[in-house]
Every structure is written in structure tokens, then in C-alpha cells.
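In the part that follows, the structures are each spelled out as C-alpha cells.
Next come two complexes built around chain A: one with chain B, the other with chain C.
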Partner chain A sequence: MTAARGNSRPATGDRSADAPGVPPAPGPLARHILSLADTKRLLGIRYSDWLLGSPSIETGIAASSMAQDEWGHARLLYSMLKRLGFDPVAVEQDRPAERYYSAPALDDPFPDWAAFVAATVVVDGALAVALESFSHGNFALARSRVPKMLAEEEYHRQFGAAWFARLAGAGGEGAAHLEAAARAMLPTTLAWLLPDDPAYEAVVAECDIWEAGRVRARFRERVGAVLAGVGVRLEEISPARAGWDPERRRGPGAPGEEAVERARGDRNRALFVE
Partner chain B sequence: MPHASGGRDRWSEPLTELPGDGAAALCAALDEVLDPELPISVMELGLVYGVAFEHGTARVDLTFTATACPCMDFIKQDVCDRLAQEPWVESVEINEVWDPPWTTARISEAGRRKLKRLGVGV
Partner chain C sequence: MSRGGGGSAGGTEADRRARTGLHEGVYEVFARKRRGDPLRHIGYIDAPGDELARVYAWKTYDEENWFEMCVVPRGAIIPVNRSDGPWARNR
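Up next is the complex of A and B:
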């Protein structure tokens, strides 16, 4: 246990690539973990945007619970980096937006509830499959920690599938928004889930995680039938690989600065305790 | 004591001498540490996956009900403080574990009975 020492963490004022504890060029496994953790962190923020203003109080509570889960998972994932020589606290608190590895579908807030629901299926589903693959590899921390995350993710899957079916079944404007949101998220999310670069191949080889074909098949198995509810056929969607940044394992762009400020906890920085 | 929670008034007085079975004595002490949200102990809730006592050091393998459990720091602090109050415990080490994942199946029969009396079904 790291006992609370009561020492606040001052703002470093240095979020450059040379910030303390944040190696400028993480190796393939570290990039893989950052990709998962940052996406979890950003997804939690996007879910949290809907604690109020979702279709009902109950869905707001669900959004709250899922946001909390995502941040719990992110915390466990970031802490894995300590095994690789990183300072997890610096990783969480000292990076600028352009050094985030998160899935591009989360760069901006969800414009409406339909986008929230689409993300529970597309982005959360992709994350769950990536984690499932990671848990079947040989990285001991993933094998021991990820099953608990996946157990919690099962509730997200049920929630997302139920709301997706509800909106899709209702037809009209809601279903149209849902389809549009899913189609907008899928190309970049598929590229994030199925990186076509040597670093990912190195993780497959080194950590014995699933190769891309198996990941894609598992993703189709998990979300294909749900997406078909609005006429989206997964096999017809191509990953958006234009502008791929192998260093950040994602496509172009970066999460919005406001979201990253929340992710880092900038406003509470003077209150942090380690 | 930034994360102390309730139930400390029910803790027993420390043992005055080294027990014959240190691990068993540690388990008994942990059975007095209440979960901050449910009125049963961390032992009854099934959060303790292992206890060992060696050369004055108490080692506890501890899990939590959820990865984002907001009570983690409270529980860790309570576990540390309860064990550290024993004069024969020189240090406490908590090892956070997540394997196997906690489920309600890990709640003991005694814990279930207490929860049932309070109208909590598991």
C-alpha cells in the first residue's frame, strides 16, 4: 500500500515531451497500454458529460456508473506502466493533448444521446475486445487485472445493446442519428482497434495477444448484430488509416483541450495527494 | 488519518503477546474491519485473498468489489491501522490483487446472514 502522505502535487508547468517520468518514445507494449488507458480515460469523460441531461434519471445514473468504471479501468491500466519503468502519476497528469493515444472517436463531445449510445457499442465494444485480447496474452498484469474489467464491461455491453435496439426499433430521427453516429465512429475506431503498423505487430509477437484477424472477428461477433439494427454492415466498413500516427497509435487529431484538462485534473492539481 | 472510516470503536484491544498462529490472529483482527459501505467485515465480504505473518510483517492480499471502488483508500487505511495496533506487528504490507475477480459469491455465509437481516439480498 502507498499510504496517503498528504503531500500535494504542485503543477509542474511542464507538459512537454520531456516532462519528468514521461519517456518521449514509449516502446510497443507501453504504447499499447497507453492506447487502452487513454481511451478508457476519455470515454469516461464523454460518459460523464451525460450524468445530467440524458433521457431519464436512470440513464444518467447508468452513465455515471459507466464513467466510474472507465476511470477505474484506466487507473489500473496506467499503473501497469510502472512495471515498464514509467511514473504512472506523471503519465496521467503531465501530458498535453497531442500526446494522448485515445481513439479519435472520443476527441469531441458526443453531440446527442444517439452518439452516446453508438459509442457504448462501437468504442466501448472495441475497447472490450482489445482488453479481451490483452488478457489472453502473456503479460502477467493484464492476465490478472483485465478479467475484472471485462466482468464490469458486461454491464456496459448490455446497456449499449439495449439502448441501441430501442433507438433503432423506434425508427425515425432517432434511428437516423444513431446510424449516422455509428458510421462516423466506426472507421477511426476500427483503425484504432486494428493498427496496421510494426509496433502493434511487435506487441502481438511479444505479448502473444490476438492478431488482427481474430480481433476483427471477435469485434464482429460482439457488435455486428447490434449494428445491423440500423443497417450497418461491419464487413463493409474500412478502417480509416489516412494520417496514421504510429507513435500515438491513432489517426490524426487529438482530444479536445478541455477534456484533457479534466483528465489531468488540472483544476485540482494543488489538492492531489499521492 | 485521511481515510479512516467508521466501526473503529468496535475494534478489540490489542493482544499483549505474540500469538501462536500469527496469520490466524491477523484474520481475526481483519474480521473487525468493516467495509465502509456495507455493515460486514472485509473478511466476510470476501475481500481478503490471503494473509501471512513473517518476521513481524503482516502481508495481506486484498481485492475490491469494483475497479473504481471509491472506498479503496478507506479500506486500505483501516486494514493497515487495525493490524498496526497490534504490538507484535511491526509493519503491514498490502498487496492489491484482482485475480480472481471479486463477485458476490465470495461473501461468506456469516456475511450473508448479516446482510439478510438488514434486508440486503445478495
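Up next is the complex of A and C:
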């Protein structure tokens, strides 16, 4: 198990060269971890946007708790990169937006509550399935750390499923927004969850995570019935692979700079204590 | 990030619920820290159903590492000796 791990590939392109502290292009396993960690960090940012604007006090508290869950999980995932020769602090604090590996559905803030709910099912659900797969592989840090994340994620699943069913059941404008948000997020999120490239195949082969067919089946099992509440049939949605960036394991684009500034903690940098 | 028992949401929250059609019920929250401890009333939450009541309770009263937590719809509690307080209407 060597090819999938560490900085096995040389730095490529201009992004690495002009970004101080950014690690060179990662190997397949490091890419896998960065993709999970960055998606969790951005999802935490997007959840945190709704601490005060959600439909009830309790919902805002739950959004706050879920945001903190995501950030805690991200921190644990970033720390795994140390085993692969990266400096996790540099990875967390020194990358520009275009060096983020996060799922494209999180590039922009959620425009409304329906989009928040759709993300708890689509994006959080995809993350949970990817983590479940990772925890069943042979990378020891994932086997030891991910199960607790998945236990906390169970409350995210319940939250998403209950809210999705509620908005879908109410019909009208809310259900229409929910369906539109889910349909907008699914193609890029499926591409993120099911990378059709050699780097993902290397992680499957060498770290014994689930192959794409099993991941897709598990995702369908987790969210298929929920999405059907607004008429979305998962088997009819194709991954959006146009413009695929194999280095960042995602399609084109990048998270908004403002979100990345928050993710890096730029404004609190002078207060950091390590 | 917990909130204590008693009281109700303020006007702004009620206005928002009226606007969004989100009508919620009250659930009392009980928990114990260790297996042998008595179940203790720790507060309440508003939720639109049992599933979200579970999530809201766990996420709202997360300052302790609870061994066990459960929620009970306020309307299901039958007062025994009091005719006042939050559960009196169930008599």
C-alpha cells in the first residue's frame, strides 16, 4: 500500500507555485482525505449561515450543533494527513479557494431554507456514505476515528429526513424549492461521491474502500426514499463530470472567497495558539 | 446550548411560525448521566414531530455526555397532585 499514499505525484500547474504553504499535489489517499475534510469544513460554514435564520429556535440550535460537528470531523480528517507527510496546519490555513477540494454544491451559500434541507440529505448524506466506506477500509486512522463521526452523523440524517419529509409533504412553494435544490445539488455531488478516475480506483484497490457501485447503492439506500418525496428518482440522475479536475476530485469552480476566509480563520490569525 | 423548563416562545418566533405554517408541539426532555441515576427533567423543546423532537433534544441539551435521554410530548403527561404548572391542562 504505497502508491495511493503520500505525496507521490509532483506538483503540477500554477496554483501550487504561487500559494505559499500549500502542499504539492497529493497522492490518491491524500486527495481522498482532503476531499472529505474540505467538504465537511465548507458544509459546516454553510450550516453556520443558518444559526439565526432557521425556522425555529430549536432548528437554529441544531444547525449550530451540526456545524460544529462538521468542523470537528474536518479537523480530525485534516490531522490524518500528517501520517501522509503533510502539515495539517498549512493545509487548513494556507490554501486559496481554488485549491479547495470541497463538493461543488457548497461553493455558494444556500439561498433559502429549502436548500439547507436539501443539502442535509444530498451532501451530508453523500459525505456519510463516503465516510462509511472509508471506515470499512484498511487505513487505520479511518477505522479508529470515523465510527464516532458516523454516530454523530446519524442525528444529521434524522434531521434531514424529517425536514425533507415535512417540506415535501406541505407541497406548494416550499416543496418546489426543495425539489429544485435537490436536483441542482445531485449531479455534482454524485460526481464528487463517485469519481470515475484512476486516483479513486487506486484508493479502492490499496485502501480497500468500497468500489463505486457499492457506494452508489448505499447512497440510494440512505437517501433514495427521502428524495422520492419530491419526485426525484436517484437512478435517473447522472453524475456531472464535465470539466473534471482530477487533482481536486471535483468539477470546475471553487468555494466563494468569503467562505474560505472563514474556513481558514484569516481574521483570527493573530489570535491562533498552537 | 441548553434552555430551561417553563416559558414559551416570544412573539417574534410565534409570528414566524404563523407565517411559515410551522406549528410545533412541546416535548419535555428527561435524561440521566449514568446508568443507575434517576431520570431527571432537564428542560423542554418545541418540535413538529417525534423525529425532530429527538434531534432537537439531543442537540439542544448537549452540554453533558448523557447516558440516556428521552422526550415526552407535554400533552401525554398526566399530573397527579397539582392543578397548576405547565402540565395542569392535561388533568
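A few notes on this one:
In this text, the second predicted complex is superposed on the first by the 252 of 274 C-alpha atoms of A that agree within 3 Å, B and C clash if a C-alpha of one lies under 4 Å from a C-alpha of the other, contacts with A are read in each partner's own complex, and residues count from 1 in each chain.
Please note the rule applied: contacts are C-beta pairs under 8 Å (C-beta built on N, C-alpha and C of every residue); 3 or more make two chains touch, one makes a residue touch a chain.
Note that the structure is a prediction, hence the values are computed from the model and not measured.
In the superposition on chain A, contact of A:Ala151 is made with chain B only, not with chain C. In the overlay built on the shared chain, the residue A:Ala62 is in contact with chain C alone; chain B does not reach it.
When the two complexes are overlaid on their common chain A, residue A:Trp71 makes contact with chain B while staying clear of chain C.
Partner chain C is touched in their complex by these residues of chain A: 55-59, 61-62, 64-66, 155, 158-159, 161-163, 166, 170. Put simply, chain A touches chain B in their complex at residues 1, 3-4, 6, 68-69, 71-73, 75-76, 143-145, 147-149, 151-152, 273. Chain C meets chain A in the complex at residues 1, 3, 9, 13, 16-17, 20-22, 24, 45-49, 51-52, 54-56, 58-60, 62. Across the interface of their complex, chain A is touched by residues 2-3, 66-70, 73, 76-77, 80, 92-94, 96-103 of chain B.
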